[in-house]
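Please go over the structures that come below.
Two complexes are shown next, each including chain A; its partner changes from chain B in the first to chain C in the second.
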Partner chain A sequence: MKDKLIYFLELTGFTWFIPLVRLSAGESPKHQMQELGKMVGVPLFAIAVFLFLWHLGAAKVITSLGQVPGPTQVWEQVNVLVDEHQASREREQAFYERQEQRNAARLEKNPDAEVTIRPYTGKETFFDQILTSLFTVFVGFLLATIIAVPIGIVAGLSDTLYSALNPLIQVFKPVSPLAWLPIVTMVVSALYVTDNPMFEKSFITSALTVTLCSLWPTLINTAVGVSSIDKDLINVARVLRLNYFTTVWKVVIPASIPMIFTGLRISLGIGWMVLIAAEMLAQNPGLGKFVWDEFQNGSSSSLSRIMVAVLTIGIIGFILDRITLSFQKFFSYDKNAVIR
Partner chain B sequence: MRKQLSITRRALVKSLAAASLVLSSGMMSATSAYAAPGEIEKPELKFGFIKLTDMAPLAIAYEKFFFEDEGLYVTLEAQANWKVLLDGVIDGTLDGAHMLAGQPLGATIGFGTKADIITAFSMDLNGNGITVSNDIWAQMKPHVPIGEDGKPVHPISAKALKPVVDSYKAEGKSFNMGMVFPVSTHNYELRYWLAAGGIHPGYYAPHKGDVSGQLQADALLSVTPPPQMPATMEAGTIYGYCVGEPWNQQAVFKGIGVPVITDYEIWKNNPEKVFGVSKQWAEENPNTHIAVVKALIRAAHWLDENSNANRPEAVEILSQSRYVGADYEVIANSMTGTFEYEKGDKRAVPDFNVFFRYNATYPYYSDAVWYLTQMRRWGQIAEPKPDSWYMDIAKKVYRPDIYALAAKELIEEGKLPASAFPDFDTETGFKPVQTEFIDGIAYDGTKPNAYLQQFPIGLKGDAVVE
Partner chain C sequence: MDKYLNIDHVSIDFPTPNGPFRALDNVNLKIEKGEFVSIIGHSGCGKSTVMNIVGGLYKATEGGVVLEGREVDEPGPDRAIVFQNHSLFPWLSCYQNVELAVKSVFGASRSRKQIRDWVEHNLELVHMSHAMHKMPSEISGGMKQRVGIARALSMEPKVLLMDEPFGALDALTRAHLQDSLMDIQADLNNTVIMITHDVDEAVLLSDKIVMMTNGPAATISEVMEVNLPRPRKRLALTDNPDYNHYRSEVIHFLHERHARKVA
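And then the complex of A and B:
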């Protein structure tokens, strides 16, 4: 039981709790307390020092929008944003109530009138923007994975194909998302023409930009992972006369999965960074748009609100990384390897 | 009344009104005098705006449920800059937008992006200012006449700026100023002010592929999106700018610049923003278009009601981050009838933002013609054009006919009195000759070419930029 729990905590990245588990299981308290101090105390102390330095440093810089916000101002804005979110939900409720009243009034006058409830037209709150960004990054990332993994496997199995693709990959890999964005925007506008679109154009643009930029690490890692499989494994497959697809499915993928996940983890990290930039530049809904709107507002609380967004972006990026890291650990064969 | 199933609330109200009229006059057999106005083609709409106080009619129409009263469910979305906004209206991502008066005209004649954009609603009068950086103001101030109260005498002419520009020229430095868009009101106002003070703002020469607008210029004008104006001036890229509110007052609050003149003093009660839609959209959604104009007229009326009594509430709404988002005090400064020039020099300008009075919402042909004359004056229209051409374009883009339909519905529904509007039977769409310009030159909208002849600086007659 204890070992299972520890394994689970290790896998999910909650290593902070491991000493606690060991403590409760009665393992040498002194050693465990030391561990706990190292794992929890040291980071907490570092965060406290950071907050203090931030507080001191921020007060020194005066911009035309006022003083650079310190931790307290930022915390205030967190509360303001929560309040705004709740206020917006109330407005939404009122919006629907008004519609129902209007519809009822219409039906009263004419029982045959067609009535529909229209979706809420208010602006997204900060928390809505977070969800939009998360959804966009996942769609873009998923698309990238669907494209990159098969191509990576095929390229990894064939030296010829790999040398054909390699120059293209190397050229497109370092391209900044901001360079792709205008092209993606124009192409999406030209090709995505429907009367009743399922997704907003802006959503497609952001997601595709994420795809284009997060494609490469997965592609390269998959190709390298596949090409560096122990040749014996491939030979065994040959001896067993497995066909191509069975070889890929039963031998190649299981053998290269740790590398694929390493690639996926880098891809998701890049995707998240790219998305914020793309949203900012293209004014697509999401956290990037929130930051840009606040910058444009130029009110006395704008900087604090942007800071809230910056921290949120960081924390979400951290969580995303932790999740993929857990997968990476789960799929890696060498459980003793230190993966950071 | 054939479409019984999908009869709209509006149609219903109207037919009821018609019926009661018929009943009360005892003419039982008479058929309804009013044709059913038909239903709203597109109830869910998305409008774009730029973070400026003159987007207020849109925000008010939303917040005060004027849109919903017309059966419209509108989403308002802030746009990054005027180009993005115009492209949105052209490609259909936006159903309509808060636009610069010059944008529908510029698009129709093909200066910049070519597209047919029309407007049936003028959003406001005045509302802009010209701000210079603290440093330029310090150099200008010795040339500004000082009144008995020890404060500068307003309006300040660009003649006070001329020695500064000349000294920059003598040192071989370029004198850069910002405006918000090549066909913006701000561009023409800044040019008007500069030229009236003897500073040449430069020509455009689209026939030679030059759209920078800096040929033969003393002051070099370039484009900066409104919300970025203060930051760009603070960074030293430009020395001054012409922009709408709150970005002039923002400069005062931040202590980075001094507004020297408002556009009210350059041309009293000049038309400013319009509500633009693409011609195709207007043709496909005629009833929706009328409903939108109705809601906007009511919003504009609300903004000016009881001599600006609702303005503080409007400022409260605009200062929310989903609309303009600047601080309450900054927006309130100009919206509530005052304007702060130098820090502490706050003066009353009751008509700084006019949304409804003086028929502010009516799309006058003469306003369109004025913008066209300025496009010609600065070379955006490269070739000479006959007076009839100016009239044709104005009539193509400005649509008082649609406005009149909307206004008449409002009068009929009893929402606004007929006295709130021009007399639609006699209105020609041309304002009488206007003389309240900073340089005193008289403008008669029916004679554009004769008007242009009066300017010492600027293209006129057969002149073409060589």
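And then the complex of A and C:
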């Protein structure tokens, strides 16, 4: 039980819970407390020092929007954003209740009356915007993975294809999302023409920009991982006369899973970073738009609210990285490999 | 032409920036069914190249290999290979490693139960039944090589090719595995080509020892028949004059007539 729990914590990255588990199982309390101090105490102390320095430094800079916010002002805005979210939800609920009452009243008078439910059109809250961003980055990243992994595998298996693709990869890899965005915007506007769009154009533009910028690390890592598989393993597949697809499925993919996931982790990190910039310019209603709107708004609380967004972006990026890391550990055959 | 396996005037060139490099020149070897043949020579002389050509992993530039009247032109399970570093798939358990081989060779012709029995039978043959559900990373080097041998045997090869199968193991483990291999060989009477640079191993296991000259353009210099009665016992042989004679022949070959020139 204890070992299973520890394995689960290791897999999910909650390593600092492990001393607590060991402690509750009665393992040498002194040693476990030391471990706990090292894993939790040291980082907490570092965070405290950072908050203190931030507090001191922020008070010294005065901008046209007032003083640069310190930790306290930012925390205030966190509460404000939560309150706004709750208030908006209440308004939304009230709106739908009113509609229902009105429709019920109309149906009572005339059972054949046509009733419609109009959607609530209030402004998205900060938390809605977080969800939009997560969904957008997920779609972009998924698309990048679907493109990059198969191409990476095929390129890794064929030297010719790899040398064909390599210059293209090297040229497009360093391109900034801000350079792609106008092109993607125009192409989407030209090609995505429907009367009844399932997705907003801004969403598609942002997601595609994420795809374009985040597919390269996965592509390169997959190709390198595949081409560096032990030749003998491939020879075993040849002796067994496995066909191309069986070889890929049974030998190539399992052997290169660690490298593929390393690529995916880098890709997701880049995708998340790129998304914020893309949303700012494409006006996709996510965190990027939130930052941009607050900047344009220019009230005395704007900087604090942007700072909340900055921290949120950072924490979500960290969590996304942890999730992919857990997947990587789960799918890798070498459970003892140290992956950071 | 009536021999079981005929390595017929095989030469191979490898392309280099300075033109083709002739690694093997005119290698000619005929092997009977059920024979255990060792190929011995200094490292880099092209022993493994011979094996890779028989295995179909390389293509001979000149000449060719004929197995039971059919020319060898690609790798196949009828010429199963035991690689030096075991080459088990690290993400599959021992059982699954053998199972993958059995399924891809006999998957169409045998039932699920027959496949399971055959996998288990082969693991038992190499004394690995007790650990068959372990992962390769959880077992020792010698055990991995046992599984590698089980995997090769499970393909029911016409010729079993072994590329320095025990080269990476310590002396005691190696002796154990050699004894196991002799037992298995007594049972199954496989045709085996084994690459080695270990003189004792070659004399102990083989019916024929093929001695190769040093490269480039390496070729077969001598073929020595080892007429020791089977079953052979390691301890009894140490005092056997015939055994010591064969041994010294090979050592003389390796260290006098074809000593490696130190550059």
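We adopt the following convention: the second predicted complex is superposed on the first by the 319 of 340 C-alpha atoms of A that agree within 3 Å, B and C clash if a C-alpha of one lies under 4 Å from a C-alpha of the other, contacts with A are read in each partner's own complex, and residues count from 1 in each chain.
Just so it is clear, contacts are C-beta pairs under 8 Å (C-beta built on N, C-alpha and C of every residue); 3 or more make two chains touch, one makes a residue touch a chain.
Since this is a predicted model, take the numbers as computed values, not measurements.
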item: Partner chain(s) touched by A:L242 [first = chain B, second = chain C, both, neither]; value: second
item: Contacts of A:D232 with chain B and chain C, given as first, second, both or neither; value: second
item: Between chain B and chain C, more extensive residue contact with chain A; value: B
item: First (chain B), second (chain C), both or neither touched by A:L65; value: first
item: Complex contacts: residues of chain C adjacent to chain A; value: 55-57, 74-77, 79-81, 83, 85, 87, 89-91, 100-101, 104-105, 135, 137, 155
item: Sites on chain A touched by chain B in the complex; value: 64-65, 84, 98-99, 102, 105-106, 109-110, 112-114, 118-119, 121-123, 189, 201, 283, 292-300, 302, 305
item: Contacting residues of chain B [partner chain A, same complex]; value: 4-9, 12, 16, 43-44, 51, 62, 65, 68, 73-80, 84, 91, 93, 227-228, 230-231, 234, 250, 254-256, 319, 321-322, 324-327, 330
item: Residues of chain A defined as touching chain C within the complex; value: 230, 232-233, 235-236, 238-242, 246, 250-251, 254-255, 257, 333-334, 336
